[in-house]
């Protein structure tokens, strides 16, 4: 692991900066190959997918979130120089947060952050611990994904597979279907029937002042064999490190994951077969496309567990740190009743950044894209 | 992430070297504070816990696995210089492995590794992809754990919580019980009744030429508030990266994890309460002791999913790469019917290394331990 | 060395972004301890020292160079979060540079950069190879220096010691004199007599369309014993790496340096003596305050060699890459006849960044500055 | 800079371990491409060049220094796995060093090391601060050089250019001459006449109990255009960082270096010309083959300044730390009267390691050498 706190990646790396209620949220990408066509629109399109205030199921905070590319792009192409991008903050109501300094919100970073930084951290809107930081992740991911599509023709797509215990049934959908429909409903679930149930559940729990968790699945098609750098930069290691940087993630599993631990070896091992076109594949994909920390050439599949959103309207027990007495807390503000739908593009973004990094590290993507 | 392939950690870091059937397996620790008392025995004690050939439930390969400390210790104490330690390999039967070069074993790294390294990798015994590499992890962990115990009085303990679908019931055991009994049976499960069932199941599946997976839980007591370095070196990020470096791990979850995604926010949030001694704690610990990527001061709790061991005696389908035709493979050799029991000390080791690293990075452990 | 291209430092690190004629030049500092009072003025004061257009001896390009702090500071203090700062570019005349794409300027990066990046690099104003990038270094250095002054009471000061072969005589000046007068003349040379000669020489050579080089010396007072992290992060290693990031530096020497190679060991070794106050010092300081890569507690002293500025008005031989024929080149634009005076604050800045980094790494500066 | 203390490089990296009077001195290389033929002899040949006890001008300590390759090589080729190599220590006389714990040797790291590590460092033979550590550098360099020769056909050669103020005249020697004769005399100076003078001077000063410094020049032929990763991994930055890791180095300069600061821009700039074969070169090479931190395709040339060896037989002033009183010190033991000749292969080794690293980072050398 690098000793840098706010930089991830080594060959395609990015540094996150900005706070929820500061002046801006942004990112500096370092190591992006020269010669990639990139425009504001490429980034904005992705950013719009996580923008707040889009639907009834997300926070009503209205931010324009218009990206500005400040460096590293010249004549419409990357130059190999660092790419700084940011969005300016506008619609902030910081006064909401002052009370949490002394009354830490359960499930939030308020208490450990205050202890760690001796109360010096910017607590407004959660500061660096806010989900808003992930807007920067999405900016970086937009560039990474375009790089992967351009050079390796990858398809990277995430979707809500479970929400509040409601599980989608994707067994009748092709990858193409999933890719096409995943952003067509507010909960980003490709199973339209369950998507409606999820939406109803969100509205119901929102009405009760409560919140929901869920599971996002991510699939990557087209990976060449051998991506990953064991032993400590295995594909699982790097993806998991990146995914756990997203607020509210509490678990990750690849392929058959936890359920696979209950299978026998003869069931869980994926036997090799040879397709008519000579390609070697496995009959099943319990490995999630990874063996020995290396991509196998099969679909990469993992799932991330998101806890129920911590900010709820229901009264909760906390401690008033100024008096040392127990107190009741009601979190006002405008919050997502679940972070899952908006996390979908963030999962795609972080996955793209990891694959771009490992792709360059392993020599699968060159440092200059020649025309 | 660092660009180094075989080094993990930044302030307390270690580099892994050696192959399963090469001359040795070892490790170089860099950044260990000066002044820590360390001896061969400290390391050997831990190493013995993962040594093969110990019981009916593990591989019959007999290695002495006697550690030699080659540098960094002077007059019984660490000096601040790199600590090189290794064990020599002895009992190897490499001829077993030659056939896998052209007949990749399902569930193993044979195929992607051969593609990635153009067949140049040392395939004997799985080479760098062998579980034997984790002997080095345990050496590093022995030093890390001693550092954590000495400076922060931490207690780090893992144990088998599930094996082949059999779930232990720890509800009646105290932490002290678990710490005391976890290595007292061959499956490293603190629930003696279920431990016996696990053992029977292993013997049964071994007889069938099959294998089992399971779940190891790890608990850490005594962590101060604030360990972890967000956003990208969050406690979850660094632990998960380290744990996924262990062969056969396919999932990880912290606190309520995947099950927690089905709770409501009002159920999953951990309310703050104040103990009589003034300490602020949470009533529940669904967060697994981590909020915002920082330790909360509660117990750190996570679970790692281990897939069933890939090496099985049952015939499996594969491809003969020299002919391109499908073939049947029987894996001979001497293998663990499950890696779970031997993985327990490895989980403890990697957890210790991460905590030592973050402890130094955050200033919780100083660079020189003064007497 | 890190694999990141545009980040330097590990515990106090900064990432440089921006191009000479792009939208801005900036920096993101990661790892600055929380609790440091910092304001726009702190940074602007330093930035003004390297601002162009200040005197007859520097370029006439007029930039406002007004710093904006975009993140990481809250209520006037650092929070421990990344600090993004930038200046916007305004007065650019990019058309000057189009001809150099095919007619590389001798002494500039034009040719190797064009080959390396297949012509995709932003060539306007030298792009990433411009001295303007060092404005970002100065911003980072302003924060680093304030940190060092606040926590360790260091004094970091550089000055022109030689320019165009004219050597200053500092033998009659105390450190206090040097600190006080070094920015009082345009060439930043504490020897007023020689400073005037230097200035005259600059004007003379400028008139001839030629340029000058020189040597900047840097002294640091107040370093504790033991700063530096051997073997590969020795104090000399880290300072030299940072200093060679400054355009036009071609040499560095510590203490007696190259001249010291002609002394005998008995002359160059610095004998230890004990002051009346009990402090152990050395009688001479040929080591430049560094032994074994560690600070000795004596003054840190080094000198950096700056080549004569590459941009000159005199006609020079080059190749027209479009035709492959030899051609004559006259570099128009507005350029410094010597970079030495403006490099003085840049040397101070990079030195401060390295010392802040090593100070934190070694535990000499804590992660949170408590009040 | 990485936060690791004893690892250098990012893509081709190595970790140094071992102490002067410990059990061994060694190295672990990480990131060496798979498929490089390497044998004990390749490494031993280089190691023999820095072996002590070879001639009248070096220390009389007799070490066998026989390398053992412990990992990472299989069937005579590198596998892509970490390469651990070491030499065992044998001829140690540690009792010589006990007195220096309380009587720090002038010019050595004794005093600052003792303060930094609270006296816990292994002081025997200088421990980690001993020149013996560079045996590991040479092992790593042997592999790096072979990689560079195999993939890029580079020629890397260093030689003594000045010793005790005696300057070699290389003006009449071709590169081929220098390459051929540089190791043919004990001082590693290609100018045979001056080499004899140097040798006489060494013997003379040795007789007086004194020591000498000098300058080693290093030249690299065959570098492609564009090696180096600005802004912070410029070719000068990475070389200087590596070279200052060698004990006794106090200065470095590239191309015209310090002398070049006295030239005018019109003299120091290297004009471009086109050879008949179409290759673009510069008429002079004052840049030392580097512009903008990138290789220009011309010869890379730099010089490193070595201070006179610190260990001298003459009595010196020091402080007895146990009493606080001034004392006289005579350094017994067996020491080099100058480190310069033995430093020549070390300079070559570190240069090779840096170029291998930057070569891989920039994509000039691939991760797998296919046959």
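The letters A, B, C and D name the chains in turn, as written, and every chain counts its residues from 1.
Heads up, the rule we're going with is that a residue touches a chain if its C-beta (ideal position, glycine included) is under 8 Å from a C-beta of that chain, and two chains touch if they have at least 3 such contacts.
This structure is a prediction, so every number in the text was calculated from the model and none was measured.
Participant: From the C-alpha centres, identify the chain that is farthest from chain A.
Facilitator: Max centre-to-centre separation from chain A belongs to D.
Participant: Count the touching C-beta pairs: is A-B or B-C ahead?
Facilitator: A-B
Participant: Can you compute the centre-to-centre distance for chain B and chain C, using the mean CA position of each chain? Integer Å is fine.
Facilitator: Here chain B and chain C have centroids separated by 46 Å.
Participant: Please work out the Cα centroid separation of chain A and chain C, and write it as a whole number of Å.
Facilitator: 39
Participant: Need the CA-centroid distance for the pair chain A / chain B, whole Å please.
Facilitator: Distance between chain centres: 26 Å.
Participant: What residues in chain A touch two or more of the other chains?
Facilitator: 2-7, 10-11, 16, 116, 128, 362, 368
Participant: Would you tell me which residues of chain A are touching chain C in their complex?
Facilitator: Listed in rising order, the residues are 2-7, 10-11, 13, 15-19, 22-24, 26, 28, 30-31, 34-35, 70-72, 74, 77-84, 86, 116-118, 120-122, 124, 127-128, 368, 370-371.
Participant: Which residues of chain B touch chain C in the complex?
Facilitator: Residues 2-3, 10, 362-363, 366-368.
Participant: For the complex, give me every residue of chain D touching chain C.
Facilitator: Within the complex, chain D touches chain C at residues 1-11, 16, 104, 106-109, 111-113, 115-116, 128-129, 133, 162, 164-165, 205, 210-215, 225-226, 229-234, 236-238, 240-242, 244-245, 247, 249-258, 260-274, 278, 280, 282-283, 286-288, 291-297, 305-312, 314, 316-319, 321, 324-326, 357, 361-362.
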